[in-house]
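Before anything else, here is the set of structures, which you'll find just below.
In the two complexes that follow, subunit A is the common piece, with subunit B as its partner first and subunit C second.
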Partner chain A sequence: MAAARFAIPAAVVLALVLPLLVSNFRLFQFTQVFIYAIALLGLNILTGFNGQISLGHGAFYAVGAYTGAIMMDRWSVPYGWTIPVGGLICLVVGFLFGIPALRLEGLYLALATFALALAVPQILKYFEHWTGGSQGIVLSKPPAPFGLPLSEDQWLYLVTLAVLIVMFVLARNLLAGRIGRALVAIRDNPLAAEAMGVNKALYKSLAFGVSAAYTGVAGALSAVAIAFVAPDSFNVFLSISFLTGSVIGGLATISGAIWGALFIQFVPNWAQAISKAAPWAIFGLFLIIFMYVMPFGIAGGLRLLWNRLTRRRS
Partner chain B sequence: MEIFFQQVVSGLATGGIYASLALALVMIYQATDVVNFAQGEMAMFSTYLAWQMLQFGWPYWMTFLVTVSVAFVLGLVIERVVIRPVENAPILSIVIVTLGLLVILNSVAGWIWTYIQKPFPSPFPAKPIHLGAVYVGSHDIGEISVMLVMLLLLFLFFRFTPLGLAMRAAAQNPVSSRLAGISVSRMLMLGWGLAAAFGAVAGLMVAPIVTLEPNMMGGIQLYAFAAATLGGFTSPGGAVLGGFLVGVVENLVGTYVKFIGTELKLTVALAIIIIVLLVRPSGLFGRAVVRRV
Partner chain C sequence: MNRATRFVVLLLAAVIGAASALPVLAQTPGVTATEIKVGNTNPYSGPASAYGTIGKALGAYFKKVNEEGGINGRKINYVTLDDGYSPPKTVEMVRQLVEQEQVALLFQTLGTPTNSAIHKYMNQKQVPHLFVATGATKWNDAKNFPWTMGFQPNYQIEGRIYAQYVLKNVKDAKIGILYQNDDYGKDYRKGFLDGLGEAAKKLVVLEQTYEVTDPTIDSQIVNLKNSGANVFFNVTIPKFAVQAIKKSHDINWKPLHLLNNVSSSLATVLKPAGLEASKGLITALYMKEITDPQWKNDKGFQDWVAWMKKYYPEGALDDQSNAYAYSVAQLLTHVLKQCGNDLSRTNIMKQAASVKDFELPMLLPGIKVNTSATDFAPIEQERLAKFNGEIWEVFGDLIDASKK
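And then the complex of A and B:
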């Protein structure tokens, strides 16, 4: 797409100069946006591209975060390792969860994953020996290496940005090729896809695994960035906010993950000024309104707008 | 042995709550193929309305009637305004819309009435009743009776009234019903209204036990999902039985399986849902849906 050729480098440049422009606190918020964006991209691979509804991605986020936290806290593993390991463990967990999920279509999958989302905090509290129970695990933020003149938040911001770019490039390559086409084919017409020789069971579990891996990477990053994990931050509303983000950003789009992440990070902040309950009321309202008027989210809306503008010009 | 019976009886009591919420879910599922994720929150919201009326000093049973009627109307309105526009949309859109409804109701309740737990009165006397060696709380007995009466009324309504027949017809075969002069969309609205009213009763009955707060229905709705899955989303009777079964299982497992206790309650529901979906996706009494491709 012509728009992408200018937009992507511009966005990367903007992201790189951002640490010079804003305070550490703002920067931390943007780190959070990038982390959400990775998770949303993961959910989008599953729900947007493959059509499997997951209301329980908070569970994989939790697995990633706790994997990272336990590695750093118990075994003093350097934080850099926790990110790929968190992803790998979630890949396996997601793939395994994807196998029974094969038999569950549509609503039933939504139900099962919703139940998973509700049960996560309890499970985390139960394994108190590992997870620290409801107290959670307190970590410390890593300083910038090689004596770079950066604050902890600035360094984490850059690390997260790097991971984000890698994950987005990987996702783009995965989805633009053979595998991506197979995933979309299964979503749009499973029978026809199978008739064309697509191994439905394999691809669907694979989608689950990859999706969980993305979310796990995001979870591990969040443990590093926030330097704290506790069971109640992985409740069902986290899963719902992931879904909200991917719907509002735009299902089945890659750039939608960024828009969605900006939305779920900043809108609650603004809404909090009105009332403690307002963020969720606004989330709900946006969810419903987007379903009615903009089912392809912000990314879809922008694409439509761009197409319309360029057509008029030519 | 006494402990066993004690647990079975209190399991039946909580099971009654699950059963009625499960029935509400199934009613909507049968009519519209939608699993209403906001069912529990609709019940919670109605219960808050009841609490408000009681604060005004209204007598309990008047509050009860008014709440159930208001919930009925609320259900009608929600179907008409929120659900109708996405009626024929893909499942994902409908799931998302009902989830949107869930968070809106939850946060609006928190907004108006705060997140502080509120005690909610029971209409039944506080004295427990002796049944042989087993003590049963009168609220438990009263609650089971209310639920059974509601179920009976519902059964009679669907089985013996022309309107009930029309609703069943609309759910089973919308096209033929429309040709026979039934307004299918009106029947769907009515279905949502009835489900909401039913949910409201469940909310009123459960609030004295769990105390009123915006998140009180979260776990209960999960159990209702488990009940509906176990009984079968296509079978109202099955869902009711599933509700009682799940209630009893929950209590027995909590008592006798030491490593689960009460800390993993929600995980038990998760396990029930996943096992049933894997072993017998249509549930114990549901029929498998055959689709032509």
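And then the complex of A and C:
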């Protein structure tokens, strides 16, 4: 797409200069956006590209966050290592969960994953010795290394941005090639895909694993950024927010993850600023308006707009 | 020194000179000649939204303070945000309050995990984090967290009070414990067992737990009866307290029944369980139980009702949380008054840590709020009370947990 050629470098440059322009608090909010974006991209690989609905990605996010938190808290592992390890553990957990999930389609799978989202916060309380029970684990925010003249928030923002870019490039390469086509083929017509020699079981479990790994990376980053984990941080509402974000952002698009993340980060705050009495009613209204105006998500809406503009010009 | 350097040095000196002369005028963020900005987070949505009434009642109390002229001429600008009881959201909202809204202090943020998430941050930023709404023990740590202060007596203290009562008054005690399987239940249990000390192993004959999601606790009660226990330490939230009182009455088990303060409401626990069945229950109180008829003609209670009707008419008159919010808002008002014109953050903390024998109208008569530079637990006194079929009858001496 022609737009992408300008939009992506422009977005990266904007993201890089942002720390010079806005306060630490805003940077913290954008760090959250990037973290959500990684999680949403993960969910999008599963739901958007492979057509499997998950209402349980909050659970993988929690596993990633707790993996990171326990590593830092128990074994004083540098936070940098927690991010790949959080992702790897979620890759395994997700892949294993994906195997039984093969037998479940559509709504049934949604319910099975929903059960996961419900169960994980309670299971976390059970392993109190490791997880700190419902008190959670308190961590410290890492300062910028090598004496760089950056605040903690600026440093974390840049780290998150770097991870985001790596994860997005990986996802693009994965989805643009054979694997991506196989995933989409399974979504669109599983029979035809199998007839063409796509190993449906393998690819579906793989999609689950990769999707969980992305969400786990996001979870591990969130443990560093928030410097605290507790079961209450990963309630069912988080999983639903993820699904909301990936649909609003645009299913089966990569840039949609960013738009969706912006939505779930900022719209609840705006809703609260508009009405203290019924913020979630306002949020619901936003949701309906967005879905009505942009039925293919924000990414889809922007693409349509771009197409219309360029056609008119030529 | 060349001319340019000299100029720079002079300029710097001038700036530093001006800056050091400023503190007289320099102000705490959030404090102006006419207002004090106070920040708060509460769960207006999400699983703990029943507590959201506390955040609203606090605002209603400050409305009254402002209508009556404010505090030393300053109005309270109370900014409260919804965190949905989700710690990451609390971090974000609190940072918004401190960094964007520039509040002078944070007050009554609700919840144990939510406050844990901002504990370090508030102390790093050195912003007063006053009278947090949680029963955990960790808020009384003036040495490591000099900017955070609790409010209510914590669960462990209460558990210890029951243990002391049993040791003193029950011969050949055989104790059965029922507790909710989470931090709240475990804190009570720990305080109780600590209070029993060495004797605990001998005296406790059976412990039973339940999950907050369980439909009923009938079988636990039957087990406790069959264990031969003659003392029942009941650590349950209202829904299960009703079941426990009813069931033990139905199966004719009549132990010394110690009911935790959490479920001491007449309206939500004792009446649904049956006043006859509730006779003889013992609990520890620090507040006036608002649905207890003995306070009907009490001045403090009547003032509270009048305030509710005028400033918070949509609030429930049988919800103890509204009396709780009223009391803690009165304490903050007292502290800010005590600050006089020095509303620096250091002085706000200093005054919060020098409350002496302050009485709040909705606390039980005789219970006083005390803090010091090393004691960051404002309420540490409680009284035992026995239910006589109509009211909670207070008995025995005032128990002060701060005196060992």
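FYI, the second predicted complex is superposed on the first by the 294 of 314 C-alpha atoms of A that agree within 3 Å, B and C clash if a C-alpha of one lies under 4 Å from a C-alpha of the other, contacts with A are read in each partner's own complex, and residues count from 1 in each chain.
We adopt the following convention: a residue touches a chain if its C-beta (ideal position, glycine included) is under 8 Å from a C-beta of that chain, and two chains touch if they have at least 3 such contacts.
Everything numeric here is computed off the predicted structure, so don't read it as measured data.
By the touch criterion stated above, A:Pro143 is placed in contact with neither subunit B nor subunit C. Once the two complexes are overlaid on the shared chain, A:Met291 sits against subunit B while remaining clear of subunit C. Touch criterion met: A:Ile240 reaches subunit B, while subunit C stays clear of it. Put simply, more of the residues of subunit A are touched by B, taking subunit B and subunit C as the two choices. By the document's definition of touching, of the two partners only subunit B reaches A:Leu55; subunit C does not.
Once chain A of one complex is fitted onto chain A of the other, the partner contacts of A:Lys125 extend to both subunit B and subunit C. Looking at the shared chain after the overlay, A:Ala281 reaches subunit B, while subunit C stays out of its contact range.
Contacts of A:Leu191 after superposition on the shared chain: subunit B is touched, whereas subunit C is not. Touch criterion met: A:Pro100 reaches subunit B, while subunit C stays clear of it. Once chain A of one complex is fitted onto chain A of the other, the partner contacts of A:Ala110 are limited to subunit B, with no touch recorded for subunit C. Common to the subunit B-facing and subunit C-facing surfaces of subunit A are residues 125, 237, 276, 279-280. Residue ranges of subunit A in contact with subunit C, taken from their complex: 23-25, 28-29, 32, 125, 133-136, 138, 140, 222, 226-233, 235, 237-238, 272, 276, 279-280. The part of subunit B that touches subunit A in the complex is made up of residues 33, 35, 37, 82, 85-86, 89, 91-93, 95-97, 99-104, 106-108, 110-111, 115, 218-219, 222, 225-226, 229, 263-267, 269-270, 273-274, 277-278, 281, 293. Across the complex, subunit B is touched by residues 47, 51, 53, 55, 100, 103-104, 106-108, 110-112, 114-116, 118-119, 122-123, 125-126, 191, 236-237, 240, 243, 247, 251, 275-281, 283-288, 291-292, 295 of subunit A. Contact residues on subunit C toward subunit A in their complex (touch as defined above): 44-47, 81-82, 84-88, 91-92, 95-96, 99-100, 111-114, 116-117, 119-121, 136, 182-183, 186.
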